[in-house]
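Naming follows writing order (A, B, C, D and E), and every chain is counted from residue 1.
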Amino acid sequence: MNWQSALDPHSANARHLADLFWFFTALCAAIWLLVVAALLRAIRHPGLAGEQDPPERQLRKSRIVGALTALTVLILVVFTAASFYTTRSFAWPDMNTLRIKVTGQQWWWQVEYRNHDASQVLTTANEIHIPVGRPVTLELHATDVIHSFWVPDLMGKQDLIPGRTNYLTLQADHAGVYRGQCAEFCGLEHARMAIWVFAQEPSAFEAWRRHALMPNTMPDGGAAAKGAYIFVHRQCASCHAINGSDAAGQTGPDLTHFGARATIAAGTLHNTAANLDRWLADPQAVKPGANMPKVDLSAPDRAALVAFLEGLK
Amino acid sequence: MSAPLLDTDLAPAEVSARLEAVWSEPKTLWGWFATVDHKKIGRRYVVTALIFLLLGGLAALVMRAQLGTPDNHLVGPDVYNQLFTMHGSTMMFLFAVPVMETLGVYLVPLMIGTRTVAFPRLNAFSYWVYLFGGAMLWIAFFVNSGPDAGWFSYVPLAGPQYGIGKRSDIWAQMITYTELSGLAVAVNTIVTVFKMRCPGMSIDRIPLFVWAQLVTAFMIVFAMPAVMVSSTMLICDRLVGTHFFNWAEGGDVLLWQHLFWFFGHPEVYFIFLPATGIVSAIIVPFARRKMFGYSVLVLALFATGFLAFGLWVHHMFVTGLPRLGESFFTASSMAVAVPSGMQIFCWIATLWDGRLRFATPLLFVFGFIFNFVAGGLTGVMVASVPIDTQVHDTYFVVAHFHYVLVGGAVFPLLGGIYYWFPKFYGRMLDERMGKWNFWLAMVGFNLAFFPMHILGLMGMPRRIYTYPAEMGWGGMNLASTIGAFLFAASFALLAVNIVRALRRAPGAPANPWDAGSLEWAPASPPPPHNFTFTPVVASREPLWDTPELPVTTGLHADRRETVITSLVEAEPQMCESSPPPSIWPFVAALVISVTLLGSIFTPWALVWGLVPVGITLIGWFWPKGAKEEES
Amino acid sequence: MRRVATIFLVSLLLTNAGSAADGEWPVASGSPQALRFSDLTEINTKNVARLKPSFTFNTGLHHGEESATLVVGSTMYFVTPFPNYLYALDLTKPGAPVKWKFDPHADPASQGEACCDTVNRGPAYADGKVVMNTLDGQTIAVDAATGKELWRAHLANIRIGETLTMAPMIAEDKVLVGNSGGEFGVRGWIAALNLKDGSMAWKAFHTGPDKDVLIGSDFHPFYPQDRGKNLGIKTWPADRWKQGGGNVWGWVSYDPQARLVIYGTGNPGPWNPDQRPGENKWTSGVFARDVDSGQARWFYQWSPHDLYDHDGINENILVDRDWKGSPRKLLLHPGRNGYLYVLDRTNGQVLSAKPFVYINSSFGVDLKSGKLIPNPAKHTQTGKTVYDICPTAAGAKDWEPSAYSPRTGFVYIPHANLCMDEEGVQASYIAGTPYVGAIVRQKPGHGGYRGAMTAWDVAGEKIKWDHHENMPVWSGALVTAGDVVFYGTLDGWFRALDARSGKLLWQYRTDSGIVGQPVAYKGPDGHEYIAILSGVGGWIGAVLTNRVDVRDSTGANGMASAVPDLPRRGKTGGRLYVFRLG
Amino acid sequence: MKVERDVSALPRHGFGTHSLTWWGTLGFMALEGSGFVLAAGAYLYLMTLAQKWPLNAPQPDVWPGTVVAIMLLASLPLNMLMSRWAKQEDLVKVRWGLVGMSLFGIAPLIVRCFEFSAVNVRWDDNGYGSVVWFLLGLHTTHIFADVAETLVLTALMFTRHGQNGRRFGDVHDNAFYWYFVVLTWLPIYALLYWVPRAA
Amino acid sequence: MSSAWARFALLAALLLAGCEREKRVYSGQPATNPAGELYQENAYDVAQGKRLYTWMNCTGCHAHGGGGIGPALMDNRWIYGGKIQQIYRSIRDGRKNGMPAWKNRLTDQQIWQLAAYVRSMGRYVRKDVAPSRDDALNSGKAESRRERSAPLEPGR
């Protein structure tokens, strides 16, 4: 995983933003230093007699202040132009590229790969896979409150607003894992609403996509099969779906190929068997307020469930 | 009715004694509630605001303690969300705006050489409403009903479906209280400055502090209704089922943001502009030099006030607005830096040749320039749409606005407290402790907030109650937490300084700093009537130019009377009586507060409340035969 | 007059004697071709005003009596709503006493799985057997003479929301049964049981792989969008076809010459279209299948990627008649989406599709591609209320079957005139619970009236006349050779109109509202009788039968706001009325 | 002590721009006007977003609103006279004028009750209904407040407190505020009744 | 001053109600409250119940209180009793005429929350605890604005 940082850009867009940022920072820092230097000069200087400047000195100061004001205006014009051109360098959302619908919910991300061919429509959660080197258009929705999609290494943020659709174009330069998280306060678990972007070589992406589209095959024996039964016949299926099983709840994250995901609960925990067991044992202890309830499962049942879910590669 | 008694009929000492009797208020419980003295109310207002500062600051300390280490469990998300909402709401609505406005309540009449404000009872009323609103918010917090949707209460999170319980109603109604009081003070300030300046104080002689108050008051008059409209809509959505923000039924989520920021952005200037007034007021006596570029500074105030209304959208750069609009608002947001820059240049130009007196107030002005310029420059950065898409809603923005608001307003305020404390309480604050206070504040503040810039760029969003250790934010957060506690310590030092000063006997001279403006003419603290004779001024620094102030005579000595002057030239037009103390503003505030509180639970409270509100208002305005009412 | 008579004769010949010539009513639809036309002429426009009740029979129930009353020989058969009693009434005796009553002992839990009241649309008869469906998912054959159970097949699983409400259809030696449950995410199917013993002959699903849908080499749909492998999977997002609907809860027609079973499929699940991108084959369409093998011959989709719960299950009236100058084998279908479709039933080509009510949800049907042209402004959206969509989710016309008179050449369409506001919301599939994903509010349509009986001139492709009703018409229609059209209203009026002019000739107020199917038969005494079950119910009647609280405008999926006045205008009940000239 | 001015000869109360309450009233008009503008802005904002306007409701009936507009306009001549009489400090005319103004204030309030049903939409129907009621409610509050003030003033003028310069100032300011109440109605009236017809 | 004290007492009472109303308990149930009554005094539990009401497709049968396939829940007719414990049992175990059992599909806490919400539909909870309108198509008055009417005796 790369640093989640606006100053560690991994895409042309993010680099433009970082460049612009450094340009602003450099100029602003210089201005700040000049102001402080002037202040220090004023502090060190013993001062002149009298309560008021003589007229000629006042005139000179006026000229200097006028010039500085003009300079301020000039710098701001430069800043505005630089901003404008940076914005212009970003592509308009293109509906013909790979289009991914991202729906923000309290407190996770639903991800749906759009396609004119319905059978290629792919639903997953809390992570996005994208091919490197080409633009991907994100279609941003929210169903409850406002969220904000932000993966600083790749692009600036954009809000997901109920009742509106926003677009964001992502393009990664090279393969890597980029973390992002919700940047608009969205309630109790705003802090634990992360999304991971996996930028992959086109062939790897295509392989992932094909694999992800396939329903999971259900285990036919052992603990995993018991776990599958529990999943479908207990509380799990009320909210979660796993393609290939009879569970098709859609209010919680889709768990098809869950075993291949990097994290649990929108980036809260790394996806390991131990963490999953901890999460299932008491989600509210890990992510208090999340909509995943604490289900009363015996330890063997939980182990079976973990075996089943981790097996969904 | 006895024959009218004019001050010209009496010896000056006799006039002073008579006026003192007329303007003073009974030192009883009734008198305490009934006061209409702008100085008492102003003082109470400032002290109340400082108490809210303390509460908001404590909330911040708990938050900083929680964030000091990753995956911390000091408080859970529910408490944390309430804490930052309380911190933001308190600081903005209960501390910063009121404290700035009401420094004016105390100082403006003194600075313009009059005896009171235009509407003393309205002034009293606004204080009580403010007090009740603030108290309601904090009592609610202590019974677990503190608002938890952030200080700008974005819908739908604060709306009827996702704003669970009564928390957001309490927030929205707190807005109603503070807006009511804020607007009343603003109207009061405008009319006071327009019509009650002492003879000779034409508009080119108005102190810059007063100008700042005036421009702020105008901004409040035009901006605050926006938040009143929006918070009323929010309450209606929550309570009576309107659909202003229901996107599924013809409402819109962004309507809230437009209305809120149409107020919310100017609000920053409600805080900042008076602070510039404080800076201007301090620089002149401490540089022992008249202000360079007076008219430029006045112009800058107006320009800021005007431009502030054209850039609310820069709070909404990532909501998906059209790009053309974004460019416009980038330009307008940057443009507001021009007047601020001009102000800085003029102040430095004044200091440039001044013979500086390095007392605590001036140190805080230095701190102000040092910090505020940094905050202003990061403000230019966030005004850029592309940069804002990276830093919006991150700790970078948190750092930015703390540099602007703490650097730009709290530092001047602290300077102002050291500067005017003698006037308020007749005692000097200790200079040595003051300097400690300053340095501790500087170090603490910068340690607390500078790392936040970097944290924001490193991807730390604001309003998160915790973060995993692997994010690498732990070290800087810890530094920031330490800084926050140091900064808090500086306030503790101020509190000690104040308490120690108050325990000494009064003895401050009328003009301890050898300043030139009128508030230093009367004794410290000033008598109830401020000026025995209304002064006449002929310059911007009258105490410097004419130490023996010329005066106006011909006012009554047996009743509360002030001179009303013309708008531009401040030529006397008439004499206006000012009402005596009354319990009714307090009663009206109480009744209205109970009505508003009730309306959180049922809309009928407004209907039932009409009767007592009507009765108290009639009680307020019905003449009671005082001399002032009959003239 | 001569010309009319000629047309009549020709029509009769062409339709292969579509109605029961001997005055019986052996099929719910009157005939396998679903004409609902009776050639009895005793009751006609001149004398219909003299109709008087001959006898009534109280079922003692309080749910929608949607059943057709079959008349075979001198016995009348009908099925009540849950608990699905099958009654045989002896018409030879005065007052028609109960000959026998069969109680299938249906599981009461099924009441919670029926979307639109616990109705049953009638039994079927053949070979001395009366075949009925039960709400809890069984098809049962009963001896017509004795009322003894002969066999019982358990076809639908109420645990996942499957129920049986349709009237079985017997074609050749097969009993055709389809499931209900389009609002429960049930995968739709039609099954053919052997009449002899109830064993399964074939079963075709309406989503999923071709082998499940019984699509093979015989399948030749007219339009290219219906051709291709496994469209029942490919036109759905992964795995969603498993909850995809396409149920067969309406009418099955049978073309004996071509040995084709023709029937419509229900709406895709869930209603919210955003959750199921794609054309969602094979929902909201019409299938023609070989009766023996079940193999599909052709398919046409009325509403591809249905946006509004517009099932395609309405009756398909099979007529052989002149079309634009030449005799054609036609299929007439008044669709839920508001169009009167004329199809060539040999291949599924759309010959005409014109609206019979005000429509703004679509702009029409492109006859070249066969595609419905939806109106993007009225597209159901998730999280946004779209206002004034006409027609509503219940359709321009719901299940209530229309009648066709070969004498006039008109289709008599009982229907609603409602519009709706709809918001799509995320639906979640939980087995056995509703899977809808839409919030709906309904209201009177254009003109302010809520229903009508419309006569559609097939040749002229236009409305001939309209008889407006205050409330939606939810009963079937019947037209007789006496040129009288019969139907009932929700507030209990049973009306007779002149088939040519639409003039109201006679009406009678029954106890409860009418959502049943009027039939005409010749009694053992040789006289013509008209029978109708009165007993308000169905989706729309739920407002009354299920005591919907109309303060909630979305109650009963929006019917609460369509007919909030229903409780005031009518009452529940269940009574058979049989009329004859008095 | 250097006396530069003497104000003993100046009047002890004043009207118009000389009076503090006049300026105070102006200040409140400014802030309330700003509230009206923002509420009207919200109306137009929601209108531009809506699928149609009026949203899911029939057109509002214009008559009650028009009657209110006519009534308010009809009150202006008397209101003008009121300012003049108050300045002239003519107690008798002011007394009866105030009675007239009270009636002129109460009458539109009565019609206003019908107006709420004439808009053909409820506040809780949808966003359109909400904003219509909001604007109507806002303006009604203003009429109500001014009428209440007028009634109290009327009562006051019939007591011994009436003959007093300050009271006449109050009457003058009250008349001043009434202009605001009348004039704000006109754009709101146009917005509520004619804009949806034009849209 | 006594009226001020009376107001103060009223305020205090409201505040204490506030504590109960606003508590957020994420998992498990208060041990002190085996009968589940506290759920209906807690706005958070009622709101969570409302969320579940939509998520568990309750709207499919009971609409937004008006009913349809299933009985109306906003009226005062309670077939199996309207106490929170009775509603809890109806949800947990189902009822024979079609109400499915939820005991293996929801946790105990969720069923209590759902029952508490159902109580609020006929406004059998306090006004300040009952939910306000949804951000959705308007189906009528929100729970908090409904009138409460005395429950009828069990049975149709």
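Convention: contacts are C-beta pairs under 8 Å (C-beta built on N, C-alpha and C of every residue); 3 or more make two chains touch, one makes a residue touch a chain.
It should be emphasised that the depicted structure is a prediction, and the values quoted were computed from it without experimental measurement.
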Taking contact as defined at the start, I'd like the list of chains shared as neighbours by chain A and chain C. B, E
Most extensive contact between chains (C-beta pair count): A-B
Interchain centroid distance [CA atoms averaged], chain B/chain D, Å: 31
For the pair chain A and chain B, the C-alpha centroid-to-centroid distance in angstrom is 37
Averaging C-alpha coordinates per chain, one finds the centres of chain A and chain D separated by a number of Å equal to 51
Inter-centroid spacing, chain E versus chain C (mean Cα positions, whole Å): 39
Shared interface positions of chain D, touching two or more other chains: 55-56, 124-126
Going by residue number, chain C touches two or more other chains at 383-385, 421, 423, 427-428, 430
Enumerate the residues of chain E that touch no fewer than two other chains. 24, 55-56, 105, 133, 135-138, 141
Let me make sure I understand the interfaces: which chain pairs count as touching? A-B, A-C, A-E, B-C, B-D, B-E, C-D, C-E, D-E
What residues of chain E sit close enough to touch chain D in their complex? 133, 138, 141
Contacting residues of chain D [partner chain B, same complex]: 1-14, 17-20, 23-24, 27-28, 30-32, 34-35, 38-39, 42, 45-46, 49-50, 55-56, 123-131, 133-134, 148, 152, 156, 161, 164-167
If we count contacts the way the header does, which residues on chain B are in touch with chain E in the complex? 78, 139-140, 143-145, 156, 159-162, 164-167, 237-241, 243, 245-249, 590, 594, 597, 601-602
Parts of chain B lying in touch with chain D, wherever the complex brings them together: 6, 8, 12, 118-119, 122, 183, 186-188, 190-191, 194-196, 199-200, 221-226, 228-229, 232-233, 236-237, 240-244, 246, 249-252, 255, 258-259, 262, 533, 536, 548-555, 561, 563-564, 567, 572-577, 614, 618, 621-623, 629-631
Residue ranges of chain E touching chain A (in the complex, touch as defined): 24, 26-28, 51, 55-56, 104-110, 135
